[in-house]
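The structures considered in this document are given below.
Here subunit A shows up in two complexes: once beside subunit B, once beside subunit C.
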Partner chain A sequence: MSNLEDMFLNEEEDDEEAITAKSVLEMITDAWVNEKLCPEILPNKAELVEVMMEQIDQMEENVLQLQKTDLRSIIHRQELERIRYLIRSYLRARLEKIEFYSVWVFKNQSVLSPQELAYLKEYLSLSVAPLKNLCDRFPGPAGQLNPKQMEIAPDLEAHVFAKSRVDLPDTIIVHDGPREEEITVTKDSQRIVPYSCIRQYVRDDRIKLI
Partner chain B sequence: MNTEEIEFLAEQEEVTIIPKFTDSRVVHLISGDIGPFRAGIPCVVPIWVAKTLRKKHKCKIVAPEWMELDLLEQKLEEEKSSRFFTPMPSDHYMGIAHLLLSDDSDIEHADRLRLTIKNIWDVRVAKARASADTFLKGGGRHAGIDHLTQLEICNLRPLLLDALDTKHQLSVPMENMSALNTSAASGSLSESFSSASTPRRSQ
Partner chain C sequence: MWGDKAIELIKELERSSELFPPFDDDKVRLILEECRVLNQFIEDAMSSTFDPETNNYLAGVKARTAALERNKRCLLAYQWNRLQTLKKMRWEFGSILPPEIKANMSETEVQWCTKYSKALANYMKNIGGRNGLNLMLDMQPPKDLYIEVRCLKEYGKLELDSGEVFNLSENSQHYMPRSQVENLIRLGVLEHINWS
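Presenting the complex of A and B:
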C-alpha cells in the first residue's frame, strides 16, 4: 500500500516538474482570451493564477538583487508588468461577469474560486437587500420582487468564433430551428458556431475561442 | 478582445535581433530563457524584448522570413485569385507588421512592405465582409472560417456576431419566447432569497 502511495506521490511530483512556468503562462494567456470571448463564466483557473503569482513574487525578489540600471532588470520588470496585466485583466473579466450574471452565477457557483464566491456573496447581499427593502414599501403587486426576473442568464445561443485544438472524436450538432446539422471538427479548424454546441469542449479546453 | 489586446498577443511572438552589446549571462524570463547576447550574432527574443532593446539602441531587428517583398506580392496575388482565405505566414501578420515596420524601422523597404501587407489585409477584409453578407443572407448558424487571423476576426466580430444573434433571437418560435418573458410568479419572495441570504447569516 505504501509502495503504491510512493509511486503515486512520485508521479505527482514528476508531473509538477514537467509543468514549466512558461506553459503555465501560456495556459493563463489562453484562459484570458477564452474568458474575454465567452458569453458565460468559465471554470476558474485559480491554481494557475496562484502558481503564477508565486513565480512573480520569486522573480521580484531576484530582480531586487540586480542593479536598477542593469538591462536584465529592465527586461525582467517589463515582463512582470506584462504578466500582472494579463492576470488582472483575466480576473477583472471574470468579476464583470460575476456582477452582471450574479444570480445565475450563484446558482452555478462550482465554476468560481473561493475568493470569487466570497465576492459574489458580498455583492449579492449588498445589491439584493436594498432592493428588497425598497420593494417592501410598495403596495400590491408592485412590491412583489420576482427573483426570476432578476436573474440574467448568459445567452448560450450566442455565436462565437472557435478554433479546435484537437480532432474531436464526435461530431458537434448545430440546432437551427427544426433542422439539425452535424459538423466534424478537425484540429486547427476555425468556425463560427453557436456557443451552446461547443460549450463542453470550451470548458475542457479542447476548443478555444478566437 | 480589442485590437490592443491582440497586439499584446502579437508582442509575444518571436523575432530575430542582432544585439549591439555583449552579455554572456542568460536572462531567465518566466516566458523562457533569452540570450546570451553577443554583439553581431543574431539571437531570437520575444518582440516586446526586441522593441525595448531597440528603443535603447541596443539591437537591430531582423525582418521575419516571411516579411519579404517578392513573397508578399505573391501572397497578395494568391489571395486575390482565391475564393477562400489563404493561409497566412503568421497568425499575427498584421500585428507584427505594425510593430516592426514603424517609420524608423531597421527593416529595409519598410514602406513598401507595409503597403503590400496592407493590400493583403484589404483584400482579405473585403472578402470577409462579402462572405459575412452572403452568410447572413443565406441563413444557417455556422460557417467555416479557416485561416482567418485574430485581428481580422476582431474586425468582423461586433457586426457579424450581433447580427447573427439578433437573427437567431427573431427566428425563435413564439412559444419558446413566452417562457422567458411572462413572469412565472411561482417562487415566493422569501423562498427564493433564502438561498442568497443564508451565506450572509452564516458568516
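Presenting the complex of A and C:
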C-alpha cells in the first residue's frame, strides 16, 4: 500500500503540495491507528481531516481529467477510496468511543472537535430519556437516576504496544502490579506497557501505538 | 425471592436466540410491582416510632433498600443493553430497520431510534466539508474499485455519478463501482459475488 501511496502522491505536478498531502496522509494514518488501539479517546485531529477532505476533492477533479481507461486513473481512484475509508473509519472509531463512554467523555470534553461535542450532547440527552422514563415508574426515592451509576470509564491500565518516535527526555515509570520499573525511552524502541504510563506521550504524539 | 424476576429479565435478554427480543413489559411491570411493595414497607418503617426494645425494622429496611437498588440496576441495564443492540443494528441496516425488529421495540425505543438517527445525520452533515461525510459507507476496507454484483430484486434503473445507467432487473449481473453500490448491498437489493 505504501508503494502505491508513493507512486500516487509523488506524481502530483506541484511538488510542494505533494509533500504536504503526503505528510497529512501519514499523520491521519497514524491518528487512525492510535485511535483504534487506544483505550480512551485521543485529542481530535479535525484540522487534518478537513485538509485531507479538501485534498480528496481536488484529487478527484484531477482524476476526472484523465481518460477513464487510463491505468493511472484506476490507481488514483483506488487510492482515493482508501483514503476515504481511512477517514471514515477514523471518525467512526471516535464516535464509538464517544457513545460508549459518553458520560466520561463529557467530563473530559476538551479532546473533542466542536461537531463531536455537539453530537455528544445530543446523544447524551436522547439516551438518558429512556432510562429516565424507567426510573420515573419507580416508587419513592429509588426513582432517581444516579449519574454516577451511568458512567463507564475506559480502562486506562490496559496494556498497549507502544513505539516511540523520539528520544524522551525523562524516564517513564512503569507500574506493573507491585513492581515498579524505570525505563529510558529511545527513538524507535518498542514495548508493551499499561496505557496510563505513557498516556501523556501518546496524547502529544511522541509515542505511537502499534 | 426479591430480585429473582429482575435477574430473569436480564438472563432472558442474554439467552434469547432472537436478534432483538420483544420488550418484556409484563415482567417489567411485575418487577415494578415488587418494588412498590418493598418501598411501602420502607415507608411504613420510616413513619413508625423508633423504639429500641420492639423495633426490629432496621434489618428489614436495609435488605429491602438493597433489593430495590438491585431491581433498579437490573431494569436500567436491561434497557441500556437493548439500546446498545438497537444502535448496532442502526449501523448495520441503515435508518430503516426491518419490520420484525420494529415490532419488538417499545414505544420509548422507537422514539430513541428516531432521535438517534437524527443526531447521527446532524453530525455527518457537519463534518467533512460542504457536503458532509457519510460514515455509513466504507464499513469494510476497500479491496477493489469495481465489484461483481448480482441483483436479487427488481430495482429498476440506477444512475451512477459518472452518468452511466444500469438496469437492475432480477438475477442480472453487473460490474459496478463498489462505492456506489455498497448501500444497495446492505439493503439486500444486490449481492456481492465473491469468486475467490
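We adopt the following convention: the second predicted complex is superposed on the first by the 185 of 210 C-alpha atoms of A that agree within 3 Å, B and C clash if a C-alpha of one lies under 4 Å from a C-alpha of the other, contacts with A are read in each partner's own complex, and residues count from 1 in each chain.
Criterion: a contact is a pair of C-beta atoms (placed from the backbone, for glycine too) under 8 Å apart; a residue touches a chain by one contact, two chains touch by 3 or more.
The structure displayed is predicted, hence computed values, not measured ones.
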Winner by number of subunit A residues touched, once subunit B and subunit C are compared: B
First (subunit B), second (subunit C), both or neither touched by A:Arg137: second
First (subunit B), second (subunit C), both or neither touched by A:Arg84: second
First, second, both or neither for A:Lys208, with subunit B first and subunit C second: neither
Touching partner for A:Asp57 - first (subunit B), second (subunit C), both, neither: second
Which of subunit B and subunit C A:Gln115 touches, first, second, both or neither: second
Contacts of A:Gln149 with subunit B and subunit C, given as first, second, both or neither: both
Residues on subunit A lying within both footprints (that of subunit B and that of subunit C): 74, 78, 82, 85, 89, 129, 149
Contact footprint of subunit A on subunit B as seen in their complex: 1, 5, 8-9, 12, 21, 23, 25, 27, 29-32, 34, 48-49, 52-53, 56, 58, 135, 139-148, 150, 153, 157, 160-161, 164-165, 168, 171, 173, 183-185, 187, 189, 192-193, 195-197, 199-200, 203
Touching residues (chain side subunit C, partner subunit A) in the complex: 28, 32, 35-36, 39-40, 42-43, 68-69, 72-73, 75-76, 79-80, 83, 87, 108-109, 111-112, 115-116, 119-120, 122-123, 126-129, 133-135, 137-138, 141-142, 144-145, 178-179
Contact set on subunit A toward subunit C in their complex: 49-50, 53-54, 57, 74, 77-78, 81-82, 84-85, 87-89, 91-92, 95, 99, 115-116, 118-119, 122-123, 126-127, 129-131, 133-135, 137-140, 142, 149
Touch list for subunit A against partner subunit B, complex: 21-22, 25, 29, 33, 36-37, 52, 55-56, 59, 71-72, 74-76, 78-79, 82-83, 85-86, 89, 103, 106, 121, 124-125, 128-129, 132, 144-149, 155, 157-161, 174-177, 181, 183, 189-194, 197, 210
